């Protein structure tokens, strides 16, 4: 059975600079794959490659269909939701407007209303701040909003770029707890980029370790988490 | 950084000019040859055609002025016609109301325009590319109205304008007045072109371009951006103003409606088509500004404007570094 | 000499025109961070199209609607054909393309429609002054029309999904793509809307100033001044600014500088705003570049 997302010999870069030098990874249906590595390893670039924000070479297949070279908005319309680094919140718009934009491509109005309720179930604070300008939300709340926006697409594949970045540990815990619930309740595959390796390995099924644009270690997350030498050399703990 | 991110708004249309491939003496020889060649038309052209060529030289000088502040220093001016007008009127007023000789008016015109350019340079510091373009554009549109105003009518001659008389050629030269004007225009322009060429190749020139391409880095390296930019405006205004003075005396007439925003636009188009940030490009620009409308007018009254616009857009899409850039690239390929 | 009250109401009427064009300018600015120098010429061109429809026998309001639709299409076409190829180019190139557009549209108008000044009909003719001698029929009617247009645009942007998508695309194109918005088409739509609004402005002002190829150039300047005064990235501000400039211009022209220098008033406002408070009264743009 084909994986939800499959990358083979994927290359990507900005202008003349190549960042990814041919990597292979996969995300199973309803599975979670984690991309780990230091700053500059190419993790964010990998997510951008999947959502079509950078030029790519090699093979990138979503449920068997080749998506290299498609425009971002077309990839999104195929069910890929990307929560970018920096969250990409529409600062000048309200929380409500941000959420409506999340559901922009959907045609099923009634279901969307139901999904709004479900999101409030995950993140009650968003209901409180519904009419507020998104730029006034705290970092944690903006992260919740960003995830909500992505989930409102009812994506098949969710790309998460450093959800823990800049957030207090308690908030991060909260977010990952919700992510677990999401994973159980919705059939969505997740490609997670995280600097916080232990958090990621705890959550993921598979893990890939990126170093300067190449994958140096890959395997089941649990194994990697227990491998002392890997942890010490690459993950710093 | 993603492929979809916007490029920063610094106008990097051309790379730094390549180091000249000719030795010092070769360069001087080329310049002298060029000047000699420029004198040939004196002997073969009819009066009217010589007048047109004279205007082309003057336009080239005006475009050079614009190039200094916009091409080399990145401050977009859509209002250089205003400096041209001020130069023209300075000379016209002094000659017609004050009975000055033409040569005496030149330094005054230069000084006035430099001061005006300097004054414009200050608010310009606060404006980014687009807003400066907008402000100078507004200036260009407002100029005819200002020139017609009653308060200064006694000086400017109001709507009717002022008439001038071309200076007589010196008695020891066997030239008529038109030919003499051609020589004068050539002389003044050559001097200013040479000075500009030296300026651009000097440290100051590099600083101007550095300020254009990467202001933060330039400042970090100790360049005083504010001083550079205001002085660039002053020099630029002075050069275009002197061109205006020459134009006034060659045409022998100034009136507010000769200086609509069309002048500013022509200079801008000439700069782009000739070659932004290029001395040689300014020459091409001048030729373009003068001769294309003449040819186009033969087609229809509207044709010059439409053709200008089409050519401008065509060059921006296909040949952003203008004629001069095209020549440069061909020369580089030929040399290989 | 007209009374102060009439100067003010006349100022409001012309202010409505400036507000409309200012709104068109801001719509394009917000989406692309470029100022459409050719907005006025496009509006003039549209007004000539309207005149052609009317002279062909169409009733006024049919011609009006037809012109708005055609102008919309022209705006979309210009964005797709001219703006899209240079979207990542430096500022100088963009300014150049706008100037080129100004030249082409401005001169094409004369070429296609001739240079004689034409009379343009108003659907609001009245015998005398209305509202107790304050306004002419046309001033009242055109103010109503421009206000209606501005209201419709406001409602569109605030309360429709498409309007929301367009605002999102203007604020944050990258994030907009990530929710599936086709940003390129949003820009084209913005241009179309701006062109349509400009066309309405042109048709409202033509009966007053008579239609000739240079009709809108001065008006463009006032619209710039209004947009800057209100804040070039703020549609509400632009509208308020437009009305303010209309009233200011009329008062200044009547009581301070005389009608010959009215354009200089616009220039003074532009320079004043940019030097004193570049973000305008309501805007957020920070302009400190050295």
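We call the chains A, B and C, going by the order they appear; numbering starts again at 1 in every chain.
Keep this in mind: a contact is a pair of C-beta atoms (placed from the backbone, for glycine too) under 8 Å apart; a residue touches a chain by one contact, two chains touch by 3 or more.
Just so it is clear, the model here is predicted, and its values are computed rather than measured.
Student: Two chains share more C-beta contact pairs than any other pair here; which two are they?
Tutor: Chains joined by the most C-beta contact pairs: B-C.
Student: Starting from the Cα centroid of chain C, hunt down the chain whose centroid lies farthest away.
Tutor: Of all chains, A has its centre farthest from that of chain C.
Student: From the Cα centroids, identify the chain that ends up most central relative to all protein Cα atoms.
Tutor: Closest to the centre of all protein C-alpha atoms: chain C.
Student: Could you tell me the distance, in whole angstrom, between the mean C-alpha positions of chain B and chain C?
Tutor: Comparing mean C-alpha positions, chain C is 32 Å from chain B.
Student: Give, as an integer number of Å, the spacing between the C-alpha centres of chain C and chain A.
Tutor: Roughly 43 Å, centre to centre.
Student: Taking the mean of the CA coordinates per chain, how far is chain A from chain B in Å?
Tutor: Here chain A and chain B have centroids separated by 55 Å.
Student: Among all residues of chain B, which ones touch two or more of the remaining chains?
Tutor: 2, 4
Student: Indicate the residues of chain A shared as contacts by at least two other chains.
Tutor: Correct list: 53, 72.
Student: Of all the residues in chain C, which ones touch at least 2 other chains?
Tutor: If we look for residues of chain C contacting two or more partner chains, we find 174, 177.
Student: Show me the residue ranges of chain C that touch chain B in the complex, using the header's touch definition.
Tutor: 33-35, 37, 82, 85-86, 88-97, 99-108, 110-111, 115, 173-174, 177, 217-218, 221, 224-225, 228, 258, 260-264, 266-267, 270-271, 274-275, 278, 287-290
Student: Okay, in this complex, where on chain B does chain C touch?
Tutor: Per the stated touch rule, the residues are 2, 4-7, 9-13, 70, 74, 76, 78, 123, 125-131, 133-135, 137-139, 141-142, 145-146, 148-150, 215, 219, 225-226, 229, 261, 265, 268-269, 272, 276, 300-306, 308-310, 312-313, 316-317, 320.
Student: Where on chain C is chain A touching in the complex?
Tutor: 161, 164-165, 167-168, 171-172, 174-183
Student: State the interface residues of chain A toward chain C in the complex, per the touch definition above.
Tutor: Residues in contact with chain C: 51, 53, 71-73, 76-77, 81-82, 84, 88-93, 97, 100-102, 104-105, 149, 153.
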